[in-house]
Amino acid sequence: MVSNYGYIGLFLVVAILFTVTTLLLPVSLRFLKIIPKKPDPVKSSTFECGMETIGKSWVQFNFRYYFYALVFLALDVLVVLLYPWAVNLRELGTSGFIMILVLIFIIFVGYIYAWRKKVLEWK
Amino acid sequence: MTVALSGKEIAGQLEGKFPGSIVESGRDCIVVNSDSLLAVAAFLKDTQGLDLDYLNYITAIDYYDHFEVVYQLVSLEHNHSLVLKTRCYQRDNPTLLSVVNLWQGADFQEREIYDLMGIRFEGHPNMKRIVLWEGFQGHPLRKDYL
Amino acid sequence: MALKTEPFVLNIGPAHPSTHGVFRMRSTLDGEVIVDMEPVFGYLHRGIEKLAEERTYTGVIPLTDRLDYLASMSNNLAYCLAVEKLAGIEVPERAEYLRVILAELQRIASHLIAVGAFLNDCGAFMTPILYMIREREKILDLFDMVCGQRLTYNFMRVGGVSQDIPEEFLPALRRFVGQMPGFIDEYDRFLKENEILLARAKGVGILTREMAINSSAGGPVLRGSGVKWDIRKADPYSIYDRFEFDIPTGAAGDCYDRYRVRVEEMRQSVRIIKQAMEQLPSGPVRSEVPHLIHPPVGEAYAHIEAPKGELGFYLVSDNSIAPYRCHVRAPSLINLTALRDMVVGWKIADAIIIFGSIDICMGEVDR
Amino acid sequence: MEVGGAGKYVYPAAELDRAEGEAIEALKAGSQQPISDPDQWLDEELHRNILLTTVDAVINWARLSSLWPAVSFPACCAFEFITAEASRFDLSRFGMEIVRASPRQADLMITAGTLTWKMAPNIKRIYDQMAEPKWVIAMGACAISGGIFASSYNVVPGYNRIIPVDVYVPGCPPRPEALIYGIRMLHKKIAKRSLLQEG
């Protein structure tokens, strides 16, 4: 049992190590003066095919994009939860299977509701 | 074989409808004075026997004392074509009537003639430079452009 | 309840991977849907028509190479036809056949890039275009054999062709003409009923028949809308009346029809090259034309069916060694007239495909 | 779904064009003299100390073997560059097969094509927005000196009026082999680079 948690601990350490190095690498290289640093205002302005941007992009756009995001979020969480379950399906046995069925059923009800309300149709 | 309609025959028909609009009619082209251009063009486009509904190209030539604008019109069903010319004599701010409402294909070509040759087309929805930028001095394709 | 949304302006600008060169669409967007679009040109305007007025008639030929740099052979052919019509110069038989073979090879090469770039815009990233560039390399080798250059050939002269073809050209051409239909069938097997391509291109960017004629579109754009108009049949120039080939036309005038028209045209071009190869006579490749031509005072307009549409040269001469005026009827610029009406109402992804299906070349648009 | 408030964020086209025109005129006035090429450190004797050479070598090797080109394709040379990228001449042997649309991820600008005054501010802006260290290959006769169009009223006689150029590749258009030779010369140039003079 301990070795299983040991694996998770190892996985956690590697994950943290990886994120920290990728974040700190450019900072340290810049500190060691390997990466040249020449900031100028044009370099930090947004790139729009070689032109200056026109007007503001913080504008009010269509509300339906929000529905897309919501439906995606629901189904994405379901997928994330399915992965670990699918990996060790045999150890969990039928009780694990029932739990997952309940979870899928809940998300399925939400999906049917969104479908009936014609959320994704673009009027 | 695209038959080039003979200028004389078409000029004869036009003389009846639009008296005084034909300045000169060569072997395969008609020269129309500029203010009756739109009427003649509409007639050429809509009459049954001619229906020249395809504007092939518009170009302008600078002959020092006058500009000559050449339109080639083609009819896709009858497979015949006609060259229509107008002349405008002012040098500083030449203007002509735009044929965009008859043939939408004239849109960019007229803007390009304005940009490079300096001939303004009245009635064009978007009459501004097409290939050069707004602050450009002069019109490059003119013969007296340095 | 009305959803209040605000438009914002986006530059699908000059340095954009899918605008086939330096073309800018200043589009006003409402969310993803294009409300208004204004095409902006001029980023490659080199003033070729002004430069042509300071060069001799033969000196203008290298300029015409750089007009539509994907179909330089066709530009040379159109310009030489115009000067020959102006000066009344005869062209020997062998030169006529060589011109037809090279112009049709150039049409295949240009259509390969057109179709490849169109599929690239549809999202089939780099796969089809790499296949099609592989075929185009074979054509560029043939051109390399003939005139030593891969892109800007400067091969045709007033009164014929600059030099005869080497003897290994015909076997290589025979091998290419044998393989090419197989390659085109290969593309069709992948792409003809590909449901992604059908979903993305069918019914998108409809150019109706009347709008196509009214905005004087030409070439595959016009034929895609069902108008059977091809200069090689309607007004046969050089010796095109000796070959049989048919003209593919689309029905609905959407992006898929224009794509199908271009693929079919490649097959017809192979047919023409086969017939031209058998009837290729021997003899001189260039009539005696003085180096400095003095055409009589007057004007002439000659047009050909270039891969992108009707390419014409309108020359005015005043009996001097340089053209008084050399106007180029650029098919790409005129095909773009209807772009705004085809794009408004669609999303950005569709606008990129509609623009790709018109297949323009910026060297010709801006001249 | 009515589209309201159009005036607030959408500026009239004429005003935008005029602003663009002024930017072009300003740049045209300001860039009459070519910018000197950034290779003055190539020939003067380099005082390297031992410690840095291995670090130099590793970093230079890493940089030169993964140069990603930025999108700046005005004209005919673009298609020689695309065929150089394609399977026959295969630029991915040098780690260059991805052409980056945004200059943020690019460190090499291959200027394939004629530069006109209307495009000059845009090219300068893209060059400025590229991350350091960046290099420029001027590909084609038009990029070096305006080429066949040098006498035109709208052509910039050479990219070095606008941006500093590292390697010039002549030809109109240069064959892919010539471009690859130009890229190899840039690799040699990068290999000579040392951290001392950057600091």
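Chains here go by letter, A, B, C and D, matching the order in which they are written, and residues are numbered from 1 within each.
By definition in this document, a contact is a pair of C-beta atoms (placed from the backbone, for glycine too) under 8 Å apart; a residue touches a chain by one contact, two chains touch by 3 or more.
No experiment lies behind these values; they were computed from the predicted model shown.
The fewest steps needed to get from subunit A to subunit C, moving only between touching chains, is 1.
Chain centres defined as mean CA positions place C nearest to the mean of all protein CA atoms.
When the interfaces A-D and B-C are ranked by C-beta pairs in contact, the top one is B-C.
With centres set at the average Cα position, the gap from subunit A to subunit D is 35 Å. Averaged C-alpha coordinates give centres for subunit B and subunit C that are 26 Å from one another.
Subunit A and subunit B, compared by their mean Cα positions, are separated by 60 Å.
Centre-to-centre spacing of subunit C and subunit D amounts to 29 Å, using the average Cα coordinate of each chain. Contact of a single residue of subunit D with at least two other chains is seen at positions 1, 9-11, 16, 118-119, 122-123, 126, 153-154.
Contacts with at least two other chains are made by residues 49-51, 54-56, 59, 62 of subunit A. Residue positions of subunit C touching 2 or more other chains: 3-9, 13-16, 26, 30, 42, 45, 47, 50. You'll find the chains touch as A-C, A-D, B-C, B-D, C-D. Across the complex, subunit C meets subunit D through its residues 2-9, 13-17, 21-22, 26, 28, 30, 35, 38, 42-48, 50-51, 54, 62-63, 66, 69-70, 113, 129-130, 133-134, 136-137, 140, 150-152, 362-363.
Residues 33-38, 40, 42-43, 45, 47, 49-52, 54-56, 59, 62, 123 of subunit A are the ones that touch subunit D when the two sit in their complex. Interface of subunit A with subunit C (complex): residues 48-51, 53-57, 59-63, 65. Residues of subunit C touching subunit A in their complex: 3-16, 24, 26, 30-31. Interface residues of subunit D facing subunit A in the complex, by the touch rule stated above, are 1, 9-11, 16, 55, 59, 102-104, 119, 121-123, 125-126, 128-129, 131-133, 195, 198-199.
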